[in-house]
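As written, the chain order gives the labels A, B, C and D, with residue 1 at the start of each chain.
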Amino acid sequence: MSFPAPLTGVVPPLCTPLTAEGEVDTASMRSLVEHLVGAGVDGLFLLGSSGETAYLSDAQRRTALEAAVAAADGRVPVLAGVIDMTTARVIDQARMAKEAGADALVATAPFYTLTHPAEIANHFRRIRAAVDLPLFAYDIPVSVHSKLSRDTVLALAEDGTLAGLKDSSGDDASLRRLMVQLRERGLLERFAVLTGAEMVVDCALLAGAHGVVPGLGNVDPAGYVELYRLCRDGKWAEAAAAQDRLAALFSITDFGDADGSMSRSASALGAFKAALHLRGVIACPATAAPQLPLSDEAVKGIRGLLEKAGLL
Amino acid sequence: MSFPAPLTGVVPPLCTPLTAEGEVDTASMRSLVEHLVGAGVDGLFLLGSSGETAYLSDAQRRTALEAAVAAADGRVPVLAGVIDMTTARVIDQARMAKEAGADALVATAPFYTLTHPAEIANHFRRIRAAVDLPLFAYDIPVSVHSKLSRDTVLALAEDGTLAGLKDSSGDDASLRRLMVQLRERGLLERFAVLTGAEMVVDCALLAGAHGVVPGLGNVDPAGYVELYRLCRDGKWAEAAAAQDRLAALFSITDFGDADGSMSRSASALGAFKAALHLRGVIACPATAAPQLPLSDEAVKGIRGLLEKAGLL
Amino acid sequence: MSFPAPLTGVVPPLCTPLTAEGEVDTASMRSLVEHLVGAGVDGLFLLGSSGETAYLSDAQRRTALEAAVAAADGRVPVLAGVIDMTTARVIDQARMAKEAGADALVATAPFYTLTHPAEIANHFRRIRAAVDLPLFAYDIPVSVHSKLSRDTVLALAEDGTLAGLKDSSGDDASLRRLMVQLRERGLLERFAVLTGAEMVVDCALLAGAHGVVPGLGNVDPAGYVELYRLCRDGKWAEAAAAQDRLAALFSITDFGDADGSMSRSASALGAFKAALHLRGVIACPATAAPQLPLSDEAVKGIRGLLEKAGLL
Amino acid sequence: MSFPAPLTGVVPPLCTPLTAEGEVDTASMRSLVEHLVGAGVDGLFLLGSSGETAYLSDAQRRTALEAAVAAADGRVPVLAGVIDMTTARVIDQARMAKEAGADALVATAPFYTLTHPAEIANHFRRIRAAVDLPLFAYDIPVSVHSKLSRDTVLALAEDGTLAGLKDSSGDDASLRRLMVQLRERGLLERFAVLTGAEMVVDCALLAGAHGVVPGLGNVDPAGYVELYRLCRDGKWAEAAAAQDRLAALFSITDFGDADGSMSRSASALGAFKAALHLRGVIACPATAAPQLPLSDEAVKGIRGLLEKAGLL
């Protein structure tokens, strides 16, 4: 398929369903893709943070991506996270993703090592040159511990290195300033700004973003599709109410780590998977090692919020 | 005056005009208050970060506050920052602020020392008990290096310790979740949520915030008053355009530290003061020691953006 | 008294004894000074982090400092922390400290606000010019959230602004490199390097530091005096064993926050005060608000470790 | 070879020599191994931070490790970093390292994702169970953004999961307390504590550490071997002087990023490689992409310090 420029709409970062033994459950992946495409999403983002990509072996990443590409069957574009420490390793991931059928790539700045804006720009340019697919920058300081500067993104948008930005920085002030600068340069016509800030999608779209990559969209894709439609139609008050409903639902992620017994990752990703399991979409709610599993009590709390939201 | 509950609208955090020798320029403070009240702002926030409160001696703080109270003359409420490290010191600041005529107080969590949520709640309760004025919590992790948790704010809103929140955390996702939780408990009727996120005011108001505390509002108060009015009237697309204009104007803050030669504080606060000076509101653009002054070239850049914005 | 250049030896950062009502207990302060001077310490550091300076009002700071100066009675020099956000405020603190009889001043980099190396140097130079007492830089990133660079310290040592450094950065690699650079320039003859790293005093002295400012020295001053003597005499293996004993004793600070119920500050400072109370040095173990008090169980644990160390 | 328990002495983290095209230069790797073994080092640590492991593809990692194992030829043990985000990925790295002939493995806590002490312990236990080689924990908060707690290390030392710790935390106070606790439990007899704090090796060994993993040991292995010998023989004053000499030499790492034009990684690793090139050990000083290369002027500065140190 020809890749949309700019990409717009709801592009959920898919959870990667696992078996109890920790292997990729391709049947559940197919079911998840149907759940999402059936709800009207505009693209699928595989192997992102919500996909537990940090926890998957290379073989598991490939299995998950191939299953999703097959299930999507060209109905919506498939973006693949190519998450690794630096350039050479990311390029290996990118080659694999292209072979597996991805339509576009999503890469972060270097991590684990110390880096520099000039080296970050060098990094993205080398990735783009090595593998011929549209490339998105993934701005996720909570994981990589540096923030993409507006100047870096502007330069890489202007020279065509990047097809877009997936902003999970949570820095909405900086994102707003970036969008103003992109618009001044005429770049918002072809450079996609996708927000990962799933609690304030109405705000990001009001400010001019093209779409959203909501982890919670695994659980309630129809909710995000409706929210996007309301924003696109300029029904902002209704959009805000729809967003508030999803913000309340997001509390499913708080049960696991409320007592400090597990990581935020295990609590949030565990909640998405527990909800998908309770909704009958995936066969098993297991998260990958070394994350700890949710308690029965946490799952009970999640069930309660899903019922309140009319999702069970 | 009876203090509004909840407080709403545009409440700029006033710059503190200084003479070339570094003393508070009370004549310029009066002029600044007229500039703001004349533009239609709904309140004045003295001795906040934009007011260089961290740089002012106790005597200077008192002089600045008294001058602003006198100039405001009851036309709009005056909030005073009571910024110090921990409880006993903040209470001393609060007593001074009350004597100087402040209508409400704004305090942060403890800083310099390590703290804990239970100690933060204890801190606010003791301040409220010691000085009888409405108390706002100032959530500003960039300065105090801890974030107020939603649970702490909810508890202090519910028991009446706090009259509101001034959110400068930049964490709009958390703020959205807080507002949803305040609304569920009926607290948004009396507990004011004011955002310091001056780049995304449209978003915060769409999400239900009551008002904004914009540093850039020193420079263009009419711009923020208009933005607020558009939001209140539900003209969201026009509001977004107004916000975009202000986001472009905010680039005045980037000239000073573009080459890494001074702090972000000196660059941003220096820009607000240079702009007020260029607009004829204050007599001298000096910032407090040990901040370095802007170069002539930086001031030239600021002048250019003000002209582009129609403010000169 | 003429102030030693460079200052050497054991200079404990005194706890500030409080009454149950939270006021400074000057009788206990006198007792604490006798406890320390009697053990052979070389100086007293008032109003540092261990002195809860962040928690004391200006009046309380002055009371505590005057009581210590009177009790020391010229037997050892008294250094005073002048801890406040930026230059003008620190100069006010410094004037008070001089009036109260301090022999030297200890100031941090600016905090609460964002700062820059050139502004930090400006800050120290202005303080030194305003109040004529020997000035020490207090490098404490955990509180002020910036680290003094080696270049800044070298410049301020070379031009005579600083009489020394109190290093609580915990960055021993950087401190080692600084000492090598100070020695190359002949500055170690007059510029005192005091470490706050009370767990590795043997190491700092082996590397060439002049002395130590140990919070735990409130509890066991004789232990630190002995450790210093062993180092000075080149008995390094014995020094290491003495340090190990003190490192084991430091576990008294871990009882309070082991369950996450209070801040690290409350746990550590509470432990020092509980130990001083158990040893009969001060009348009341209370820490300042908003810190929470230690549980009875925590105090029991502290008692056990003191007994094991032969201090009860 | 039977792996020493505990491992002691000087174990340099080898640079990975690259060609101008960015491929692993196995001839230079052999030369580097001879340079180090000839100087008397006690082990070789491949694929650590100094080895640019974050920058190497899996194929490059394997090539580098195999070349080093072949060159070492059983004369000293070879430890291999198995650096990846979480458990499944690290286990894949560990299997590769075992096949390539490593004698022991060195793994960090999970990174990129948020983690928790209980998940970190789970992580190390799963790695140890999956691949039967001695396992060292690599505590490197600057890269992984969490610090291994003393409790976690003690538990994993006690149950035999870990053969030792490579401490690059720079937190010498915590390390001292850990060593005291290990000694109390009799664990220092078999659990190796290796410090990465190459500026304060005398201190770490005085405190009881077994050895050192010095990046600068690539450049001056004989210097570190001599430093270790002096420490082992209790000649502490001479050891401190030897350490000071190496601390002065470490300034070679400061030329590249002095003007802020590249990352600290590029500046420091570039300096090690430039020095190895100038000393005739490796054929090409190139570092891996996306790091920027040192300027000619920086290399000139490095040459000057090497001459001063008698290494050219």
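FYI, contacts are C-beta pairs under 8 Å (C-beta built on N, C-alpha and C of every residue); 3 or more make two chains touch, one makes a residue touch a chain.
All values reported here derive from a predicted model rather than from experimental measurement.
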Can you name the chains that touch chain A as well as chain B? none
Between chain D and chain C, is it the same set of residue numbers doing the touching on each side, over half shared, or a different set? same
CA centre of chain A versus CA centre of chain D: separation in Å? 35
For chain B and chain D, what's the span in angstrom between their mean Cα positions? 48
Name the residues of chain D that each touch 2 or more other chains. none
Every chain pair meeting the contact rule: A-B, A-D, B-C, C-D
Contacts from chain B onto chain A in the complex sit at residues 170-174, 176-177, 179-180, 183-184, 197-200, 202-204, 206-208, 234, 236-237, 240, 243-244, 247-248, 250-251
Can you name the residues of chain D that touch chain A in the complex? 22, 49, 54-58, 60, 83, 85-89, 91-92, 110-116, 118-120, 122-123, 126, 142-145, 261-266, 288-292
